[in-house]
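Residue numbering begins at 1 within each chain, and the chains themselves are lettered A, B and C in the order written.
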Amino acid sequence: MSGFALLLRRDLRIALRRRGDVLNVLVFFVIVASLFPLGVGPEPNQLRAMAPGVVWIGALLAAVVSLPRLFAADFADGTLEQMLASAQPLPVVVLAKIAAHWLLTGLPLAIVAPLIGLQYDLPADALAALMASLLLGTPVLSLLGAAGAALVLGTRGAGALIALLVLPLYVPVLIFGAGAVNAHLIGINPSAYFSLLGALLAVSSLIGPWAACAALRVALD
Amino acid sequence: MLETKALACERGGRRLFSDLGFALGAGELLRVRGANGSGKTSLLRILAGLTRPETGTIAWRGKARDWDFGREMLFLGHAPALKDELSVLENFAFSCQLSFLKEEKNALERLGVGRLADLPARFLSQGQRRRVALARLGVASSMPLWLLDEPFAALDEEAIVAVRGLIEGHLAGGGLVVLTSHQEFPLAARAERALALG
Amino acid sequence: MLFKFASPQTFFPLAGKMIPWFGALAAVLALAGLYVAFLVAPTDATQGEAYRIIFIHVPAAWMSMFLYLVMAGWAGTGLALNTRLSGMMASAIAPTGAMFTFLALWTGSLWGKPTWGTWWVWDARLTSELILLFLYLGFIALKASIEDPVRADRAGAILALVGAVNVPIIYFSVQWWNTLHQGASVSLTRSPSMAMTMLAGMLLMALAAWTYSIAVILARLRTIIRERERDMEWLREAMA
């Protein structure tokens, strides 16, 4: 079995036995999205216009909330050290963990998002765009988030610090992701947004793992 | 086979050791002694490639270590490195496969934890966890270099005998062992060197 | 020759000598720039006198961007070459960079009030500056949260490099966002057409900001060196 498959299977198996963690993130996402109408009022046209941004911000916050778990447990019990000392290339280790994170966070968010979109009365084509933009954009959140999670290993106040480090980097994904859905609402062609999301995915799949590997080596020095 | 020159280590602003050099060949054992905090663990982690030394070089088989070094080196640190959510057997299988080793169930039995194979690791005591971690020694004879940090800590009589047997077997087969230990156990080796830190 | 000054020990006295020169130069350039800004440049047809704050706002924004890239450059050098001084330099730059970012935001706000009637405008430059401020604060916070200074330098360097790569992407995406959502441009970026005098004034202020930065950063660097190398013999002798 390849190293990537070995690590991915391990992470998924562990998550399956700690289902609570995964569900908590999903519930958090739904709660955040439900808070906005309570904050700004139930007027349907206003909510419909806000919906792409609200769902995307919810996804961003849910990703940030799930990031501390990415490396912290393995760091604490010594398994991360074993991975670094083994002959497995570190980029493979990092990519496997990122893939597991996305399968457990980003993918469920993308699947649940259309339900939230219905709460905001988004039309069908916008709902499809919402799911598509999240499917394309949430891997970026995992890739860049992994770098943030690795940088704060072993420091005090890791949770809030990760948010500060990672949210500014999430701004482009937010703009293009929400923009793609918004394009459907205002009747313009969204293809440019999806291309840009694709470009972001390409760039972050280079920077994210590089930074995470470098940061893990620093943390375990 | 393992050679270091002028190794220096600095942690937390303190120089732990400097100008450390030694050579270790097949079948030889290196014991690292020293008080707590004297740098024994740091030295082992430098040899394993986890920590960067301040200065100095390390050569394996005459050349600088490359990415393939991990295939020939087994590192056992302080932490047993077990996931609470996985069973003993799952943990053991994972750590073996991570190092490209074939897991064998009787390796667990060798250290007296075979009967715990299907138990989730969270139910194990400290000593039992250590024994699961050490079980890897039973399948790692193909990895020449063993770096063991306090292998005898938290073990009972029976387990100590088993671990000593594994280490001696490895040395007899031409392997190299570097270990740190507070306790003195005689170990049969072709040659034994000692290093005192601090 | 460059490597001779790469150690804190040799750079410390050199930095000390440079500070007063750059400080004096900064004062002269600032006076010249302000003279142009308030006395030479003509009054704007549409915005009146309030637009003069552009002479602080734009150079501050330029410096904030420039300093981030310089900071990332030093940090990256320290990561690649394992030099102590590079990491200290990055730490010294960060607060000044953050200060200029804040200054750009504050002057932007002061400009917005008489021009648009609001204390904040979500235009592309101001929004980008805001995110840049977050990047600076993140860098400072990360370094502050790691005890070991060498480890802090290395972690900070990784973050700064990731930030540096992302800054153009962020700026681009914010520009896109702004032009799309605001048809009629509510923008401070649409400054009045550049008369030669105005450009001269802004350049003078930019140079003043740059020389000021060098002086302040070197002073801060000396403090950092003092703190980090306090156990070293050479420092005790230098201070005696």
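Here are some notes:
Methods note: a contact is a pair of C-beta atoms (placed from the backbone, for glycine too) under 8 Å apart; a residue touches a chain by one contact, two chains touch by 3 or more.
The model shown is predicted, which means the values in this text are computed figures rather than measured ones.
Relative to chain B, the chain whose mean Cα position lies farthest away is C. With centres computed from Cα atoms alone, the innermost chain of the structure is A.
If you average the Cα atoms of chain A and of chain B, the two centres end up 37 Å apart. Inter-chain spacing, taken between the CA centroids of chain B and chain C, is 49 Å. Separating the centre of chain A from that of chain C, both taken as means of CA atoms, is a distance of 31 Å.
Counting partner chains per residue, chain A has residues 221 touching two or more of them. Within the complex formed with chain A, the residues of chain C that make contact are 79, 131, 134-135, 137-138, 141-142, 145-146, 151, 154-155, 158-159, 161-163, 165-166, 169-170, 172-174, 176-177, 180. Interface residues of chain A facing chain B in the complex, by the touch rule stated above, are 1, 3, 6, 10, 13-14, 17-18, 73, 77-79, 81-89, 220-221. Listing the residues of chain B that touch chain A in their complex gives 48-52, 67-71, 73, 75, 77-86, 90, 94-95, 97-100.
On chain A, the positions that touch chain C within their shared complex are 144, 147, 151-152, 155-157, 161, 164-165, 167-169, 171-172, 175-176, 179, 196, 200, 203, 207, 211, 214-215, 218-219, 221.
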